[in-house]
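Both complexes below contain subunit A, partnered by subunit B and then by subunit C.
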Partner chain A sequence: MNKYIIFIALIFCAGSSYGQLYYSRTGSIGFYASTPLEDIKAENNQVYVLIDIGKRELAFSSLLKGFIFPKELMQEHFNENYVESDKFPKATFTGNFTGSVDVKKDGSYPVQVKGELTLHNVVKMVELPAMLEVKGGMIMATAHLMVKPEDFQINIPSVVRNKIAREVSINVNANCSPK
Partner chain B sequence: MKILSVQLKRRVIIGLGLLILVTRLPAQDNLLKVLDDSLKTGAGHSHVTGTFKATRIVNLQTVEAPARGDLNFTIQHRFGQLNSGSYNFFGLDNATLRLGLDYGLSDRLAIGVGRSTVDKTFDGNVKYKLLRQTDGSERMPVTVAGFGSVSYYTIRSPDKTYLDATYRTAYVGQLLIARKFNRIFSAEIVPSYLHYNLVPSAVDKNDEFAVSAGGRIKITHRMSLNVEYNYLLPNQVQSEKVYNSFSAGWDIETGGHVFQLIVTNSQGLIESQYLGRTMGNWGDGGIYFGFNISRNFNLVKRTVRKSVY
Partner chain C sequence: MRKKYIMVALLGVLLSAVAGWAFYLYNKPHRNVAGVRAVAEIDAAGLYAAYKQDETGADRKFVGKVIEVKGTIITVQLTDSTANVRLGAAGTDGAVSCDFLVGKGTKPDLPSKGSAVVIKGRCTGFLEDVNLVDCVVE
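After this line comes the complex of A and B, so read on.
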């Protein structure tokens, strides 16, 4: 009898260690697609991020309308003509990471992230290195990746093709606090 | 006692099984689901953008205006009348145009100036967005903008020495009410009030009223077909035969440019001319072919700050 109770208790303890969730609603994604002809960049500072340290999983979700461009007209074209944010309002990422992170010990932990990036109704597997930095109980996640608009069926007309970079550079950072 | 213990054992095993099942659910999808749920509750409404591609459907003002710090340069060009015969190459020998500059003082307020060939007319205008259509919770179904314009023609008339600055001036007030129904279709209704300081004869009204309607259908991401009809309420202009202005256009957008290829029965390009003084008649070929070209220049860059949507 006692054996079972101890066993259940153990399971629950293990369960609670699973709940190492870190959360942010102010994550930031910036992208840069500048060419000598045109300066193209945008930033979204309202990215939702959830990191499960125990399970080594993480997820990002952002509204495409939240990307702010220095040029208003560019932002309108981004939403209307390229990502079609009225039809596909979100860009999301969900995946796993490998590498150990000790949340009790401050430091930088390089990890390898692998998962699905969804944009413009296209799901693509991506793998990239990232950094999880533990500081004072918070986790700062940073990553960088390159994507091709064409991989996400974002068509760029030939008239403006030379104005937009072939590969778009994306920077991600989020300061997550325990949930 | 022993039987009880066996039952308990079984229950514990089932319980454990369930527990494991729960913790082994597709966890990534759960994470994303949690995020999406909070994204839904956290997201406010956002302003609908791109109701029209240009600041005019053809001649009629749209609710669109340059964004804050953007300068729009517009060339509106009309050839002569189609029915002017082969000698005039069906109108292509003649041309009238308006050059215009519009600037966005804020995301709601824009000002503009222009100069037209017809009667050598200068005009100045103000457009202010009173209401902006929002999506999501459908809080605001339409965009409403107020538009005001003053025009002043400078053509010399030596035989009419009484034509002073006051007589040459006309005023227009419009309420632009537009809705983007979906990504393809947008429509607009515009009641207009016009005041001419001088009209040709005593039977003509100095104050005129018109109602316009127009819309666009997008045929690709970067092209749309537009039509507009401007109805001048009857019996306001008696001394001249005037027609209601009907125009159709084809918008082509390439980056910062919008090209509009158009056909219309109005030669005038500003409100006081095309609303109240349209002389062309579609029925007998009094049609003008033409185009509008607008180019957007970004003068003041927005600083990327905390995003708001």
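After this line comes the complex of A and C, so read on.
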């Protein structure tokens, strides 16, 4: 819950850093886990992303019920049995990045992001490389990370555990405009 | 003896039917809410206000439910893999964000910015906007 308060606080700090704050309401998070039978994948295209270039802060928040699976039953199992989205409806990330980004100069700026990922009511520190691409006054943010479900107390029944990849691949994309 | 064969045959048919039904359920593709009856009709400003006033209460009322939302489109975003429109909530910077399914090689036909529309979708909750998924334009 504290992380969510920080996320909201970051939003309200918008006025103090005008011109340095970029956001998207339609960022995407996709995840993928391979299994011998079939691939498990889902995408959420309503992710709220906030980047404060001046303070080098980055945050995103997503509703877990917003992840769309190709099969309805997979989506039902994801929400009810794994992430328990009725109890823990949101996944959030708040963190900082190192590396400089010149928003007045188009180009690709690799950064290193470090922060807290909250999922299933578990907070875990994660570190990942990301790319901030400045183009025409917008920032396209892309990042990739691997997550172990067990790190977030997401229990996968033993009968299927060995059939699902130990780590889930997560991609984040957001085309952010100035706030 | 004949009775026994009939029983075995019936059991085989029954097992095949159950297996077929299970296979169908397992593979049932994700669809939009076309053909699903909405449980509530509300305008975008009213839905947004309900969430701003009491997110938990609004979640209880709307999350997971198919609802029809009336409003004016303030943004349209269409890419190769995403389709989204936002219905403005007058007097706020918030909106109702409506996500449409995009199939392989097919894009939904979205109304243009400024159109007054009714959109049906499944509510997933509230971030900066109230979010709907699996949307269709009514």
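Going forward, the second predicted complex is superposed on the first by the 160 of 179 C-alpha atoms of A that agree within 3 Å, B and C clash if a C-alpha of one lies under 4 Å from a C-alpha of the other, contacts with A are read in each partner's own complex, and residues count from 1 in each chain.
One rule holds in what follows: a residue touches a chain if its C-beta (ideal position, glycine included) is under 8 Å from a C-beta of that chain, and two chains touch if they have at least 3 such contacts.
In this text, all values refer to a predicted model and were calculated from it rather than measured experimentally.
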Clash or fit (per the criteria above) of subunit B with subunit C on subunit A: clash
Touching partner for A:Ile68 - first (subunit B), second (subunit C), both, neither: both
Contacts of A:Lys55 with subunit B and subunit C, given as first, second, both or neither: first
Subunit B versus subunit C as contact partner of A:Val160, first or second or both or neither: first
Partner chain(s) touched by A:Glu127 [first = subunit B, second = subunit C, both, neither]: neither
Of subunit C and subunit B, partner touching more subunit A residues: B
Touched partner set for A:Glu150, first subunit B, second subunit C, both or neither: neither
Partner chain(s) touched by A:Asn45 [first = subunit B, second = subunit C, both, neither]: both
Contacts of A:Asp106 with subunit B and subunit C, given as first, second, both or neither: neither
Residue range of subunit B overlapping subunit C upon superposition on chain A, of 9-17, 135-143, 171-179 or 243-251: 135-143
Doubly contacted subunit A residues - partners subunit C and subunit B: 11, 25, 43, 45-46, 48, 61, 63, 65-66, 68-73, 75, 90
Interfacial residue positions of subunit A with respect to subunit C in the complex: 11, 25-26, 28, 43, 45-46, 48, 61-63, 65-66, 68-73, 75, 89-90
Footprint of subunit A on subunit B - complex, ascending: 5, 8-9, 12, 15-16, 19, 23, 27-29, 31-32, 34-36, 38-39, 42-43, 46, 49-50, 67-70, 107, 135, 183, 221-222, 254-256, 296, 298, 301-307, 309
Residue ranges of subunit A touching subunit B (in the complex, touch as defined): 1, 4, 7-8, 11, 15, 18, 25, 41-46, 48-50, 52, 55, 57-61, 63, 65-73, 75-77, 79-81, 84, 86-87, 90, 92, 94-96, 115, 157, 159-160, 163
Complex contact set, residues of subunit C against subunit A: 25-31, 59, 63-64, 77, 81-82, 84, 86, 97, 99, 101, 124-129, 131, 133-134
